[in-house]
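Look for chain A in each of the two complexes below; its partner is chain B in the first and chain C in the second.
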Partner chain A sequence: MRGSGRTYWRLLVAGFRRGSTYRLAALGGLVANATFGLLKVAVLLATVEAAGGELAGYDAARMSAYIWLSQGLLGSVNLFGRTDVAERIKTGDIAVDFLRPLDVQAATITTAVGQALFALLPRGVPSVVLGALVVGMATPDHPASYALGALSVLLGIVLSWATVYVVATAGFWLVDARGLQVLYMVVSGFLAGLFVPIWLFPSWLVALAQATPFPSMLMYPVDVLSGRVEGLGALAMVAAQVGWLALVLLAGHLLTRAGRVRLEVQGG
Partner chain B sequence: MAEPTRARPAPGTASGSAAPAGTRRGPLARGRRAAAPYLAVLGSRARSQRSYRVGFGVDLASSLLVGVVELAEVWVLFHNVDRLGGIDFAQVLLVFGLADLCFSLADLAFGHCDTLPTYVRAGTLDVFYLRPQPLLLQLVTSDLSLRRLARAAVGLAALVAGLVVNDVAWSPATVALLLVAVASGIATFAALFVTAAGLQFFLLDGAELTNAFVYGGRYAASQPASVWSRPLVVVFGFFFPMAFTAYLPALALLDLPGSDWLPGWLGWCAPLAAVWAWALATLSWRTGVRHYRGGGG
Partner chain C sequence: MSGPTTPGGPGETGPVIETHGLTREFTVRDGLRRRRVRAVDDLTVTVGAGEAVGWIGANGAGKSTTIKMLTGILVPTSGTVRTCGLRPVEDRRRLARRVGVVFGQRSQLWWDLPVRESFRILAAIHSLDAAAERARTEELVERLEMGDVLGTPVRQLSLGQRMRAEVAAALLHSPALVVLDEPTIGLDVLSKQRLREFLVAERRAHGTTLLLTTHDMGDVERLCDRVLLVDRGALVFDGDLAGLSRTVGAERVLVVDLAGATPDLTGLPDVRHLGSEGGGLRQRLSFDPDTTTAARVLAAVSDHAEVLDLSIEEPDVEDVVRRVYAARR
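Our next item is the complex of A and B:
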């Protein structure tokens, strides 16, 4: 990989600071997250109640923890499929990025993750506080859940941006990758457990979701951080995240190399 | 495309003996002439989308999947419990179908208002001011996303399925109720897009704020509103009248009593909700346009 660790650290910090400049955007995102959160509370808690107070291991407090943690992560985990690099590939500006003494894939993901980590402050923390105050939620029994949960959240964020990068590289071959982005948005949200925890799915749909990287972006981090899953089960989820991340990074690397050749053929 | 400037004879004039032909042809011809530029623009948008065949195919498939996945989200809940908020899966199909059909048709025409901040930031909105057409009409006709028809098809399928599997007591009144509900629902969602667009003149970077009630509203509309907390009833039941787009008309169609705050007979009041939503939209849009001071070009 080109460039030193120090360079990427600076890119991460730059991304973090970039996020901090859009304050109104952060506020807008928070209001949207909270509104969706309250709607999810209404329908999901009614479902738990209709099921007799417990459903697939979720009682009201656990369901509330799932709702507000997932809403809080929504500003950082990319389930929308939008990314700057897709636009740069479309316009051909990516050719300039290839000239820089940096690995394009690593630099793109690092900057985006920096921005995503900032979003945890104005969007993540207030969502969780709001949920805890207004609705109330379950907290983990074991302190280790917080440490492992933090790692799991970080892995989920990086994995989502690494996957979106892979989707963006399709732009080297397709003129308009917008349809693909919409496809990503629909499938990722559903299979990551954004609207309904995947554990409420019928078993064949759970198996289908687990065959994709999407639960590793949101469902697993929320499960680990909320303490719904502890011990070996939590470690297995983190291991699955690491595995998916390695696979997606490799795919992104290969597609960048192939796409770069393709871009030069077009005369970039 | 028909030749835009020449008015064809009005259909009523050949057989219509009640009114003199001259008085009928006048306003109708004028109407056609006024609409011609918009029709020409919309026709060209439709043609341009179909010309990239692969991209259009992927777009259509994606939109279809959006509708299917949204239906799946509702179905998953009812896979776990028999009834939610007093209604079962067959009945919620009707709610979902009405909500999704109305939203996707409104989105087809007015969804493009979402891009207003991009125009404002780039300064290209000023160009719209130079043309002799109303700003909002230009914005609406500046794009026509045919792919959204695929999503409307999912809504329509769910609505038809809901009408078939449920025990609807068909009469002229229920047919009228259904037609009025669909028309009002489309108008209400369209008003939401326009309200959001008016606010964009002030928000720009905070555009996501309006997603809370536009897309949050769509999500709310397909839920059984009886599960809502009091604040949600105020916001999505009445202020942004989402319950009036699908849940309440569905209750009226099924002749269900509903809850204290949202009784079933309110389903007949969907047109009132649409009028209220458009009052909000007009206020928001006018205030926004007055606030706009140009890109400084």
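Our next item is the complex of A and C:
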């Protein structure tokens, strides 16, 4: 559809501009990211040193790259489970979305991604710059890693919001989906490799993590962008991301269709 | 894609709204027990193009539920509904191009962004080309007198300003059918007046079909040429306002402030005494405008006491509804 691209572009821009209205929140987020980044530096670099300078393929510079890239993406990749659409389903405001000639799932994710992309400016970039200046970090050997890394980051961001959307659709069946959101928050950060790289996990836990979409949200983008994984390995990670995204989008689509029929729009 | 206002589509020739036996039940938890409540009961109604219909009834009478089914956001339990010739649930996205909805309690604007930005996004959503977007936005902004708030984030608008922005947002794509759920709720007199004037002008200019739910008789009197009254989900009156008044007896209430304490003014011809305050300093008298006039009532009162001040109360929707309901029970 011809008009469709323009519509979703507008929604992306709207989300981006929406993000820009919360400058103080972005600054607060950056401070929190940086603080926890320095904490991770202290713990993880000491661990690498204790392991004899290398741990599961990470030397100090690679570990630093992992820390600052993952901290920088934290403002954009949704590992908290919270999202506007969950609230809109709960209050019934979602009805307004259904009154538009739009795919509600696509419109919701597009707007959220717009806001997430904005967050790269006040939270992502400064975080990486800080890490590079204060600690120093490894950079990719091949220029292609930057392009593939950017794609991987974008996929990770979209995947996280698409997954959170799926969690939110539970609200069509449950009056309050907050329990699920908390569960998502607890599980996603851990399995996405937010606290430590998943490659430090025992192999069974790595396998478990890889059976979920979470590493595709953060671990893979960080690995590809930092150049820790290159060539075919990097392509395989991006392919896994695409696969998970397709699966999650399909699930969201089906749940939206089923949920809409159940919608009772409480109140007014 | 063709513009949303292209004439000749379904609904342009046939009725805009057509329901047959439309019914919606909800399951209500009552302690441990569950019971079924019928919010809309066997509603059969047809609304033609260009009509202005006021949907009135007490809270919980099923007005909003009906509107939700007409617009495709709620699935009927049974019965059929066609809006603009389309099936609301199945053809949701096509219908959305022909209908504009304002839910007084729910915003369709982007809370954090300037009003102008919401209009831009909606224009894109409805595939308006640049020229149509500009012309329509200018028209709405001028008629709703919103020029000075275009750059203001929605969250900073007053209620009156926000409602005007909501209406503009719902009408941006020039829908054939406009549905307003409690559009003037909470507005001050001036804001109400402005909004009503705008809706009248909009209808005149574009032949828009108007459907509104309200508690405000002023809305019905100034905007609607047809009234649907619902009670417990069922349609109990369908006709014009004069017909409704005849049905319930549109009694007016004359309130008079008298110069001195006066015994209750009972027994005046064609007048019913409703009550007195201050030992008879203020008295409330009701009369039927079909059998007598305010002037005659006033003359009759003046025979008994000097009138210092007076006011006439018109029945509000609540009153009319209460009387219809009382007559049915």
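The rule is simple: the second predicted complex is superposed on the first by the 260 of 268 C-alpha atoms of A that agree within 3 Å, B and C clash if a C-alpha of one lies under 4 Å from a C-alpha of the other, contacts with A are read in each partner's own complex, and residues count from 1 in each chain.
The rule is simple: contacts are C-beta pairs under 8 Å (C-beta built on N, C-alpha and C of every residue); 3 or more make two chains touch, one makes a residue touch a chain.
Model, not experiment: these values are computed from the prediction.
Judged by the touch definition given at the top, the superposed model places A:Leu39 against chain B, while chain C stays out of reach. When the two complexes are overlaid on their common chain A, residue A:Thr212 makes contact with neither chain B nor chain C.
Using the contact criterion defined above for the overlaid structures, shared-chain residue A:Arg178 touches chain B, although it does not reach chain C. Counting the residues of chain A touched by each of chain B and chain C gives the higher count for B. In the superposition on chain A, the residues of chain A touched by chain B in one structure and by chain C in the other are 22. Those residues of chain C that touch chain A in the complex are listed here as 1, 26, 64, 68, 71-75, 89, 92-94, 96-97, 99, 101, 103-108, 110, 112-113, 117, 120-121, 124-127, 153, 181-182. Within the complex formed with chain A, the chain B residues making contact are 52, 54-55, 58-59, 61-63, 65-66, 69, 72-73, 76-77, 79-85, 147, 203-213, 215-216, 219-220, 223-224, 227-229, 231-232, 236.
Contact residues on chain A toward chain C in their complex (touch as defined above): 1-3, 6-7, 9-11, 14, 17-18, 21-22, 92-93, 95-96, 98-102, 261, 263-265, 267-268. Interface of chain A with chain B (complex): residues 22, 24-25, 27-29, 31-32, 34-36, 38-39, 41-47, 50-51, 55-56, 174-176, 178-180, 182-183, 186-187, 189-190, 195-196, 200-202, 205.
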